[in-house]
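Letters are used for the chains, namely A, B, C and D, taken in the order the chains are written, and counting of residues starts over at 1 for each.
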Amino acid sequence: MTLALQLAVAGLATGSVYALIALGIVLIYKCSGVVNFAQGAYAMLGAYASYVLLRAGLPAVLAVLASMGVMAGIGALTERLVLRPMLKAPVVAVMMVTLGLLICARAACLAVFGPDQIAFPPVFPAGAVSAGGIFITYNYIAAGILAAALSLGFLLFYAATPMGLMQRCAADNSRAALAIGIHVSNQVSAAWAMSAALAGLAGTLLATLNGLSIGLADIGMVAFPVVVVGGLSSLEGALVAGLVLGVLQSFTDGLLTPALEDVLRANTGIYSVGALQQVLPYALLVLMLLLRPQGLFGRRGAERI
Amino acid sequence: MALTAQNVTIRFGGVVAVNGMALDAAPGEIVGLIGPNGAGKTTFVNCICGTYRPNAGTALWLGRELLGLSPHALLKLGVARTFQNVASLHDLTVLDIAKLGAAARGDAGSARSGGFFGSEKALEAELTETLLRPLYLADVAHTPIQTLPYGRRKAADLARALAAQPQLLLLDEPVAGLTSQEGMAMAAVIRGVRDRFGCAVIMVEHKMDVVMSTCDRIAVMAAGSKIFEGLPDAVQSDPEVRRVYLGEPG
Amino acid sequence: MGTRRLLLALAVAAVLIALSLLLGRFGAYLVRAVAIAGIGALSLNLLIGYCGQISFAQGALLGVGAYVAGNLGNAGVDGVLALLGAGVATAAIGALIGLPALRLRGLYFAIATLAAQAILEYLFKMLEPFTGGVSGLVIRQPAFFGVPVASDQVSAAVSVLVLLIAWLALTRLTRTNLGRAFLVVRESEVVAKGMGIDVARTKAWAFAISGFVAGIAGGLIGFAARLASPEAFTLDLSADYIAMIIVGGLGSWAGPLVGAAFVVLLPEAIQRVGEAFDIANLLSALRELAFGLLIILFLIFEPRGLSSLLPRLRWAQPRRRGAAPSLGEPGGAAVATKGGERP
Amino acid sequence: MKKRILGALFAAGVAAAAAPSRAADLTICAWGTITGPDALVNGMAYGTRDYFEFLNQFRGGIAGNKVNTLLLDGRYKLDEELKIYRRCVDQENAVYVNGWSTGSVNALKDQIGGDGVPFMTDSFASQVLDPEKLPYIFMAGPTYEQQMIIALRDLKQKGGKRVVLMHADNEYGRGPVSVVRQSGIIPKLGLELVDTVEFRYDAQDLTGQLLRVKSRNPDMVYIQSSAPQALVTLRDAAKVGLPARLFIGNMYDISPTIPEQLGPAAEGFRAIQIYAQFGEEIPAMKDIEAFKAKNKIAKEDIYYMKGWLQGTAMSAAIGNAIQKSGGKVPSDLKAFRKLVRDEMEALRDVNTGGITPPLNYADHQGSTQARIAEIKDGKYAVAGEWIDAR
């Protein structure tokens, strides 16, 4: 039981980081119809930016905020310089251009920071809570809570503030938004900026947990199943699916895989099921696409000709 | 009657786009379908030719139910359509488009595509002579459709539909976007097609002069329903039509 | 197809074959790598460039081909039959991956192929009796029509020959009804359906044919490396192939070949230039950076790819802009998928 | 313009690819993960290259012949490594090749024999160690299986019982673990294998796996993976409250990065140590210091020492081969390679300047001895004497 509880806590912590990344992807998709492969790269860049600023001696809070600012700038710049010229290009081209961005960002960090993992300066106090057989470090708790709080805060922002409303309006119907005086292209830039800043924060949190390396960018790939399972244009879906996936992966690692392997080892010649958690998100994704292609929270839309 | 559509109804969410629409057409007859924007004309056509699946209604064609069949199956039954906007098909030439139409008719064709190994020369010659030349497209047979002026693209789309040798032809605004000169030429072509192939034609169109001079019978739609049906001369004098369609106070 | 194009293709193939027979083993190695990549890119071009179905599973499909051809070859089946077998098996898997495409469109389908890639990679590692697990499958030297392929030069020549056949077959395919139907489906499924094209059947054929060619390319990869390893058929490889057809020019038939040559040789070129300077630890980063930048710049500034540059430079032909296939043109696909795309 | 630059770049590359290599007396070709997932241990790639550079700068090359060394980046990607191998053998005409990953050596083992080129593998995989069937492949220490057995014996001695094996999902990880598991040596030693845990070699988070390990209540967890994965493992072990002293890794888990990044969480972690540490007071260090005075050393760690040792062994064989040919590099490369191989196998009691006990290459391993190192106060310290794994 304590094992299950601890797995759940660990899963929620990672899941909330997934959710942060996935939120960014959904936001960009809603506003500009682009599935952004570079979201993982934003996370990685944000983490490296925080690292540089922390090393420069900035206090943790300031450094993280500043890195989010930097990422917002990078996000907006990407939209202006790369995505805008491709406004009329087909979807495969836009997807590929974001993939190109991912490759470039990784290569740039590789050139500047080298291939080895770097120790991330401590942002949260060291130490751990140990109660009732559950053992968890402050760092883990803080990262998990922060990510979850931010995700929720972002949902609130989107649902309740004027700017959020404008964003929603621009996303739902850009022509109508234009007609009532919303500067749609600015809103699209703003969405990219926000989404990159979110990813940057997620990357920083992830770096406090996992250390700093260009491998951080890989989280973008996990986020894709998350957004599809949640429903490509649903923010709530991204949040829920992120958490669910985090917990599921954690349970797969800690409970399902060993149980499965125990059975297989006892009864068959099969010894291992390998890195099962790695395919789990994708298996889930396929299942979802077959059963409910619009995702957990997505709506089915009619198509016009 | 060859085509008898009755009580065709389709809803999108809460909106009833077509409501209890009825229409029929006989071989060799050109039926015009007119009405203000949003009246549901194109939606009705989309229901008949398989793009949409209506919520209710029947459409019998030579005794067979059409509603619910795919466009692919409909073509085999001799039902073809043209599009309001001709899709941009970068790489395809006029002849390619015509061949696509011919392919859709299945086994009925006299000279079929040569497949992977054979030659298509015979088919090309047949299509050029019987379709492209009458539609004034023979000189641009090998030109990519994208580079042609709008009027000729529409003609190519018509050629595609005709290549399937339809017995029921649905035309969605065949002269929209054409100059009036081109429009009259197209109208003449449509009449020629009818005379030549003897097919039933349903034609959605806005341009009244074309409709008046081409159609044998006219149906008027408003808000998803038919409000009038009759001879061209009678349409203009009907007070209800004048009110909803020509904008005159009742 | 025009006689001129056929002659040109034959001439290029002849030169490549001669080159591979004359070159040293490393040169032959490069020619073979380009030729095999070219076959794989042709296959993907059929799917993405012609039928408009984005797939990120090309790497895994090549893997399927390699494993099947390897197992058949090891069981004593002749190389030619082994390649054909790999083609058929991969066509089946390709069609299976394509199944969701009958229901899903655009982005959703692209992400579904990501899943297919991940799941196949996992299976490569787990199906040990068939794949050799993480160690990979050691493949014996193949024999074609009973003649063993003893040297890298000969295997390069064989690859070029297969490339030529694949190129001729695929260019011919686009001149059939099915080929024309691919193009219409790419532009708009709605229009295609309205035209009476059986969209599901057309897509299924695209996946099967593309898979068949990919399987043959994969088989050649296996025969060349003499090993099929899960580490070789990753998502990175899929991305490489997509880059090839984009850099080369989507939807043209010279594009994939130019793109394959470019993507295979560019890293080697940068490597060699870089070795002149003492930047060993930066070279990989530079290679990746160049790769990424190329993709971005081509997509923004030259969406019709390298292959569209070649004739302009070489013969300075005036070209109608609209006549060439283009990624950047506001095509129906873009309009149909922007924003409103739902499965 | 863009096109022209690309064209020029291209032409240059193709020209370079087609041209024969630079004129030098003899060429050594090495590849490693300069950039990639296991770059943390790439000191050995630099070490081997630097040893030959050292010979050039301080000893006038090998028996008066300058050595051209080529260090390439395999990026831990199989196709890249296979391409590099082809280049080394056929284009650079290397007399001796030093290659990286277990996967690549495994893929190349037949070709290496066919090409007849002496090959020093950085991997310790037992399936490429076979002096009879694979006469051209050499390594520089005990195999992964032997390293694992050293750890198991140590556990037995200390009275432990329950063993967990953790490994990555690649050949390097899964291969040796299944060999040891299937050999039945664990029960033979009176130990119990309570679980085997496989993970993605590029995994960033192993919390779930470590909770699983924790639930098995092990006395020892052996990590068959390299420093980057050991780092993640120990970090997440601390997260779930498993002490580092339970863990022991193979020889690729000795990296200053681990105590540096994990601090107290790494205290007590142990690893199999085959070579002397960088900076130890041994004769070889004097050469390295001399070299360092004139050159920059990329990584000052134990893997650099491994590379240096590999260079020592390779150059000894090459030197003997040149002497047998009358002091000159033979013009027949094929024969020269064969001669180098024979001389390699004939190496006895090669002095390594204290990096390892003297080398004996009859078994293609050089040395089968190792010690166990433990992290104490943020540093690896040798605990105990040389143990022979055989």
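Note that in this section a contact is a pair of C-beta atoms (placed from the backbone, for glycine too) under 8 Å apart; a residue touches a chain by one contact, two chains touch by 3 or more.
As the structure is a prediction and not an experimental result, all values here were calculated from the model.
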### Query
What is the identifier of the chain with the smallest separation between its Cα mean and the overall Cα mean?
C
### Query
Can you name the chain that lies farthest from subunit D, using the mean of each chain's Cα atoms as its centre?
B
#### Entry: Whole-Å gap separating subunit A and subunit D, where each centre is the average of the chain's CA atoms
36
### Summary
Taking each chain's centre as the mean of its CA atoms, subunit B sits from subunit C at a distance in Å of 40
### Query
With chain centres defined as C-alpha means, what is the inter-centre distance between subunit B and subunit D in Å?
74
### Task
Could you list which residues of subunit D touch at least two other chains?
34-36, 169, 174
### Multi-chain contact residues (two or more partners), subunit B
51
#### Entry: Touching two or more other chains - residue numbers and ranges from subunit C
125, 190-191, 194, 281, 284-285, 329, 331
#### Entry: subunit B residues touching subunit C - in the complex, by the definition given at the top
49-51, 70-72, 74-75, 80-81, 83, 87-92, 96, 99-101, 103-104, 113, 115-116, 120, 144, 146-147, 160, 164
### Query
Which of the residues in subunit C come into contact with subunit A in the complex?
48, 52, 54, 100, 103-104, 106-108, 110-112, 114-116, 118-119, 122, 125-126, 190-191, 194, 235, 239, 242-243, 246, 250, 281-282, 284-289, 291-296, 299-300, 303, 327-331, 333-334, 337-343
#### Entry: Partner subunit D, residues of subunit C touching it in the complex
23-27, 29-30, 33, 125, 133-136, 138, 152, 225-227, 229, 231-232, 236, 262, 265-266, 268-273, 275, 280-281, 283-285, 297, 301, 306, 309, 313
#### Entry: subunit A residues within the subunit D interface of the complex
3, 6-7, 10-11, 14, 110, 114-117, 119, 128, 130, 135-137, 140, 206, 209-211, 213, 215-216, 218-219, 249-255, 257-258, 261, 271-272, 274-275, 277-278
### Query
Which residues, counting only subunit D, touch subunit C once they are in their complex?
2-3, 9-10, 12-14, 16-18, 34-36, 71-73, 75, 77-79, 82-83, 86-87, 89-91, 103, 106-107, 110-111, 127, 169-171, 173-175, 298
